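After this come two complexes, each holding subunit A, first together with subunit B and then together with subunit C.
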Partner chain A sequence: MKLIKNAIGRMVPDELNGKKQVPFQGVGKYKPKGVKAAIPIRSVADYPADGDKRLPSIKEALIKSGLKDGMTISTHHHFRNGDIIANQVFDIAAELGMKDLVWVPSASFPCHAHLIQYLESGVIHHIEGSMNGPLGQFTSEGKMTGTGILRSHGGRYQAIQDGDVHIDIAIIAAPTADPFGNANGVTGSSACGLLGFALADSQYADKVIVVTDNMVPFPCVPWQIQGNNVDYTVEVEQVGIPEKIVSGTTQITRSPDRLLLAELSASFCDQAGLIKDGFSFQAGAGGTALSIGNFFGDIMRERGIKARFARGGSNKYLVQMLEEGLIEYILDGQTFDLEGVRSMRENPNHTDTSPFTSYNYHGKGNFNTMVDVVILGATEVDLDFNANVVTHSDGILLHGIGGWQNCLLSKTVILPIPLFRDRIPVIRDEVTTICGPGELIDVIVTERGIAINPLRKDLIDATKNSDLPIKSIQELKLEAERICGAPAKIEFDDEIVAAIKWVDGTIIDVVRKIKE
Partner chain B sequence: MNQLRASSGNKSDHVKSDCYVEIELKSSGGIQIELKSKVGTLYGDSIRTLIKSVLQFFNMEHAHVVIEDRGALEFVIAARLEAVIQLIKPNKKEFLFDQIADNKYHTERDQIRFSRLYLPGNSPKLFINSGIYQSHAIILDLEDSVAPDKKHEARFMVRNALRSVNFYGSERMVRINQIPNGLEDLNFIVPHHVNLILIPKVENAQQIIDVDNRIKEIRKEKGMDYPIWYMPIIESALGVINAFPIAKASANVVALAIGLEDYTADIGAKRSQEALESFYARSALVNAAKAAGIQAIDSVFSDVDDLEALKQTIWVSKGLGFEGMGCIHPRQIPVIHENYAPDPVELTKAKRIVLAFDEAQEKGLGVVSLGSKMIDPPVVKRALKLIETAISLNKLGKNWKESEMDN
Partner chain C sequence: MKLIKNAIGRMVPDELNGKKQVPFQGVGKYKPKGVKAAIPIRSVADYPADGDKRLPSIKEALIKSGLKDGMTISTHHHFRNGDIIANQVFDIAAELGMKDLVWVPSASFPCHAHLIQYLESGVIHHIEGSMNGPLGQFTSEGKMTGTGILRSHGGRYQAIQDGDVHIDIAIIAAPTADPFGNANGVTGSSACGLLGFALADSQYADKVIVVTDNMVPFPCVPWQIQGNNVDYTVEVEQVGIPEKIVSGTTQITRSPDRLLLAELSASFCDQAGLIKDGFSFQAGAGGTALSIGNFFGDIMRERGIKARFARGGSNKYLVQMLEEGLIEYILDGQTFDLEGVRSMRENPNHTDTSPFTSYNYHGKGNFNTMVDVVILGATEVDLDFNANVVTHSDGILLHGIGGWQNCLLSKTVILPIPLFRDRIPVIRDEVTTICGPGELIDVIVTERGIAINPLRKDLIDATKNSDLPIKSIQELKLEAERICGAPAKIEFDDEIVAAIKWVDGTIIDVVRKIKE
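So, the complex of A and B:
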């Protein structure tokens, strides 16, 4: 393995876990040739004519799928911290004496800290997906056997579709399914809205297992996952922990600091002329983002204008806006509360999407590039507007990328972030890990001022005569350091513990082991 | 006798932007620092350097220092250290950071004081962003929001905050403790560019005179010349009776405030939403303040969730003649500003009166009239003041007369 300097100036390896890698070459520069991955041809003759693909247990399904050492196993995060299936799958793998498996979750949550024992014992070789919380800490300490790979939601679809990752067995936990394998997320006691994160796996994995606790007779409609892609189905007593899957009540933040950030962000969008009839926006589930959506609603109501669509993460506030007619469509990537699930079930204008339709960079376009305004977070931003979402300033890996990188390709990207968190300044000379190139990040909104990327002359002009506190990013950095003091530079070990993929499959940066 | 070991600060998982410090004086072994910090990777070395320089400043050569830091800024860490050192090795020295240039502004006797945000004096995490909400004033409180055993350390915290925290133009107020204890607080605030001192539970003019005298001494000692205003808080039946002499006790008294929680307890009434029980006291206070030519400021409204009730309360308050109130949560600030400000109907009327006044002046008429109505001089005066207020709140352009002509 050798290190190469990529187009954004970071040293990245040309090989990871024994596979060749391509360094980041710039936004839109890398265009691989070749054809997409494909699964072997199947014959209806080999599947039960009555459509009943049921097996008595996950264990049996894994054995029948040919589980063996070194295989790549995937699970999904539509149950968020209420997922119990991923842990069960690896309990079984351990019991069967498996070694060197690769886990490809669409995201990991604190509930998956259970898997640390298998990373330690060698059942799991490494993770490709996200390493959150305890798994991130474990990875940062250099304890994982292989090297972790972090991908965005769109990057995951791209990697599976392009054959960068070949999934041997996909286990799809479904709130409702039929014995044939059709499945959806809108009904059942573990209803989570949609199953879009599992779409790529259902299309490209060698073996696909659907697990549910709500088995209904054929047909299970809507069939968000199509049984024609499924090998086995399993009925279990419980597929997820409902109260940890979706919140009964999402709440707008009450923190005055966050509300101020939200108000400033919305006011920026308003004064920059971004909120207009027929526009589209995406605002996530975090406290600040939720309030920004709400402020957008106030502005639209006041002006009598409508948004053509909103990109979800949906929640009750977005649903209210849909039902009030302020938004014509919700294109939903995941539902964050029960109101979101209900609306998706009942309202044809609240439609489910997948990383294929919304994010995949190796497709014939995706709708994310059409979104007018997206609101995202970041742990750090540098003076060139490059941003980090995966590591904290102390160097520890704590979050996944999610759809963050994919959303950067929207028309205007706004990051509302506090100027410092518990003394730690957010704007740095250099971010710990580059997850997104600064050329795609347009505006940083802090409670002490707003910095606009010099590349966005249009936004600078539009807000020139406003009463907004526009400052340069250098000024904001100095202000934070005046208050907090200048932070020391952290030192890392040389060992690379994880790599960050850009949306096109190239390596944009790496995470190194933290020093003792 | 001095202790050999003492502590200050706050510790628990909920604590943010603060730290807990314990120092034990030793007879040998030099300075030993046991640092646990949430931001240790980035600030560990700088925290150690700060601890050493503070200890060196107070000539402590041998000590064991334990610090649990949860992202405290330097002024907080230094205040915590000094509070402990003053307990185990009392001395006259003060470890002071430079006064930041942003905090050297002074305020006017009659500036707008619609909102003033209370900040518990021993909770530094609330200080840091308090200025960004643009309340007309912030109050660093040494009195009721600080537990008795934390009064000592809070003084160092408030002193350091006055020197180091940028309050972005809010008038910097401190509420001292009740007189006579509060006199001791003055040493910690008067030399550090405080703008206004709130004096609680005032019952007679002598208490104001005592404060005034003490401040004069400190001013002389330190050679200071910037203005420091007083706002006595009336919180008892006796205080209400003496409101006028209190208001006149010093030329630096710029406002009288009322504290209804203590007042209602004092008269043996229950505080109600309609506030009938305090109607007399509030009116009497407004009357005394106006007789003395100063502002009348209302009590705080404590239900931070009910912004609608806050609005109703302000309308009544404004109707009685009050010109501002205290707040305990930033979300109350915009409601307070909006509702104490001149409303559009008032403003339109005031503009017509002022224009009529101008016209009368121009024509050399002694009497101002609007249509068939004669306008009395006090009404003109009030209209002029209202216009001035509206301009300073950006509710009216400076050149409103020109645009009025264009219309």
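So, the complex of A and C:
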């Protein structure tokens, strides 16, 4: 393994877990050659003519799928912290004496701390996906055998589509399915909305297992996952813990600081002329984002403006705007509450999307580049507007990338962030981990001022006569440091514990082991 | 080129248009090796960030797509005899001086007689698709430069998916689309229901052009064709002639002979115990099929039976049964009338399907093997129940295969056919062209008796004490010949003008040039 300085100045390895890697070459610079993953041709003659692909247990399905040492296994985060299937899969793998598996979740949650024992015992070699919370801590401490690889939702689709990651066995937990394998997330007691994060796996994995606690006779309509891509189906008592499925912040913030951030962000969008008839936006979950959506609603009502579409993460506030007619369509990648689930089930204008339609950078375009305004978070931002979303300022890997990188490709990207967290400034000379290149980040909104990326002269011009507290990012940094002092530099070990992929599969940065 | 006797006794070539071929090896016997077609990886960086892929004309789109001699071009029959785009595409190709193109329509109609001039002038080398009516006559006369290849709807998906046919440029005419290329068939003045026949092309063609006369702002919802697979979009005055889109017989038959066939078929299904709670059926279009659907409805109402699903071709009668609650779902591959279009647009239980979900033999199962009862037609049947659906008894190629072969894989296949047509017996020692192996054809219903395939002992047992006029197929044949005389054998030239593919891509039979 050799380290190479990539186009954003970070030293990244040319190899990860024994596979050659390409360093980040700049936004839109890396042009993939070659073809998408070619999957084996199947024959209907090898599948049950009556369409009944049921097996009595996940264990049997894993054995029939040919589970063996070193395989790559995928699961998905549609049930978020209420997922119980991923843990069961690796319990079975451990029981069967498997070693060196690679786990490719679409995201991980605290409930997956259960898997640390298998990372320790060698059942799981490494994780390619998000390493949140306890798994992130474990990784940061250098305890994972292999090197973790973090990808965005779109990057995960890209990697599977392009054959960078070959999934041997995909286990798709579904709120409703039929014995043939058609499955959806809009009905059943574990309804989570949609199953888009499993799309790539269903299309490209060698073996696909659908697990459900609500088996209905064929046809399961709608079929968000197509049974024609499925090998086996399994009926279980429970696929997820309903009350934990809809987690995350689903209430608008009541914190005065966050409300201020939200109001300033919405006001910026308004005064910069971004909120106009037919516009589109994506705000995501979290109290601040939800509040911004509400402020958008107020502005739209006042001005008689309608949005053509909002990208979800949907929630009750967005659904309300759809039903009120303020938004014509919700193009939804993930429902964050039960109102989102209901609306997707009932309203044809609330449409499920997938990382393929919305985020995949290696397609013939994607939805996200068309979105006018995107509101995102960040743990740190540097003076070039480069931002971090995976590590905290203590250097520990604590978040996945989610759709964050993909959303950066939207027309205007706004990060409402507090100027400091726990008295640690968020704007720094250098971020701990670069997840997004500054050229794609347009506006930083803090409680003490708004910084516009100098590249966005149009936004600078549009707001220069406004009453908004526009400042330079340098000014904001100094202001924070005047209050909190300059943050100490974190000391890392040399060892690379995880790599951050850019949306095109190149390596934009790495995470190093924290010093004891 | 060498001729080989295939598993059903027909002499078929080992090569067609310079490509190696596999002879039919028996139902379920040919196991494909290798992988699906691998398509080039694209980059979002090469597509407009605002999602606007519009070009001013089809001509410009073809030029930008790199149209050149020898390329394979596909169009689709969603507008049936009201299609105007396929003709325009080849007018442009001729104007640009193109030669030796291969046309891969999902089906052809009499409106495509316009293309005969290009088959004559060498713009089109040969057709892979259906050669109906005038194009069939032209082909049968040995006038096409290359050899025609006929595939079922499922076989077309299989061939494109497996890379047997590589589409260079797909032109998808759509009733509604957005500039990004999302498209559907349920809205717009040319609404035709769905666009499933273009799915394979959108997924596997090098260049995909969507043409519409109803361009809406992004997003076009639902997106039956995904803009993420589309290269260019073109807005035109008109994509189809609405009054010709909904063609075919859309009224139940009033012919007493056909009504008798329909009633006998329905009565057979009833007495054989095939019509039971939760069953499924596919009847298709055509006066007799529509009548059978109606008779099914009567039986179901009388017995309080509900069907779990009906496969469409949908029509107003099927829609009525759905709305009445006699059918829970319509899984629809093609809407045959405007009621079908309306229902698909409005009713979530009337779902669009594709040749991938329903018919593709090289997937992990398909819908059609799960259908309980399928009603189909045939031009000829032999004593082994082998049937012909593409040539008439005069040897001329006049029909495409459609979904006919695919439907043979259903649980029970019933062919209601008249014992003779124009005083020519339909049951023969040998059919002109074998399109479907007799082992898959279960029941022949004629106005003078019903023959059950000896392989279906269960059906023979179930109906042996019924009042149905059960006879052997030999008896039926003799009865026809007593009335009409034994048909003369047709004389053919040696030249092979077209080949018939089985659902797995092997050659089941050929069509030879007719003698002058």
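Basically, the second predicted complex is superposed on the first by the 513 of 516 C-alpha atoms of A that agree within 3 Å, B and C clash if a C-alpha of one lies under 4 Å from a C-alpha of the other, contacts with A are read in each partner's own complex, and residues count from 1 in each chain.
Here, a contact is a pair of C-beta atoms (placed from the backbone, for glycine too) under 8 Å apart; a residue touches a chain by one contact, two chains touch by 3 or more.
Quick caveat: nothing in here was measured; it's all calculated off a predicted structure.
Undergrad: Could you tell me if A:Gln226 is touching subunit B, subunit C, both of them or neither one (first, second, both, neither)?
TA: second
Undergrad: Based on the superposed arrangement, let me know which partner A:Met1 touches: subunit B (first), subunit C (second), both, or neither?
TA: neither
Undergrad: Under the stated touch criterion, which partner chain does A:Phe309 make contact with: subunit B (first), subunit C (second), both, or neither?
TA: Once the two structures are laid over each other on A, A:Phe309 reaches subunit C alone.
Undergrad: Please indicate which partner A:Cys484 is in contact with in the superposed arrangement: first for subunit B, second for subunit C, both, or neither.
TA: first
Undergrad: Regarding the shared-chain residue A:Asp394, is it in contact with subunit B (first), subunit C (second), both, or neither?
TA: In the superposed model, A:Asp394 contacts subunit B only, not subunit C.
Undergrad: Counting residues of subunit A touched by each partner, does subunit B or subunit C come out ahead?
TA: Result: the larger residue contact count on subunit A belongs to C.
Undergrad: Using the superposition on chain A as set up above, list the residues of subunit A that contact both subunit B and subunit C.
TA: none
Undergrad: Which bits of subunit C are touching subunit A when the two form their complex?
TA: 28-51, 53, 161-162, 180-181, 208, 217-219, 221-223, 226-231, 278, 308-309, 329, 331, 348-349, 351, 356-357, 360-367, 369-370, 409, 411, 504
Undergrad: Help me check something: in the complex, which residues belonging to subunit A touch subunit B?
TA: Against subunit B, the touching part of subunit A is residues 256-257, 259-260, 393-395, 421-424, 447-448, 483-485, 487-488, 490.
Undergrad: Residues of subunit B touching subunit A in their complex?
TA: Result: residues 16-17, 38-39, 41-46, 70-74, 128-129, 132-133, 166, 329-331 of subunit B touch subunit A.
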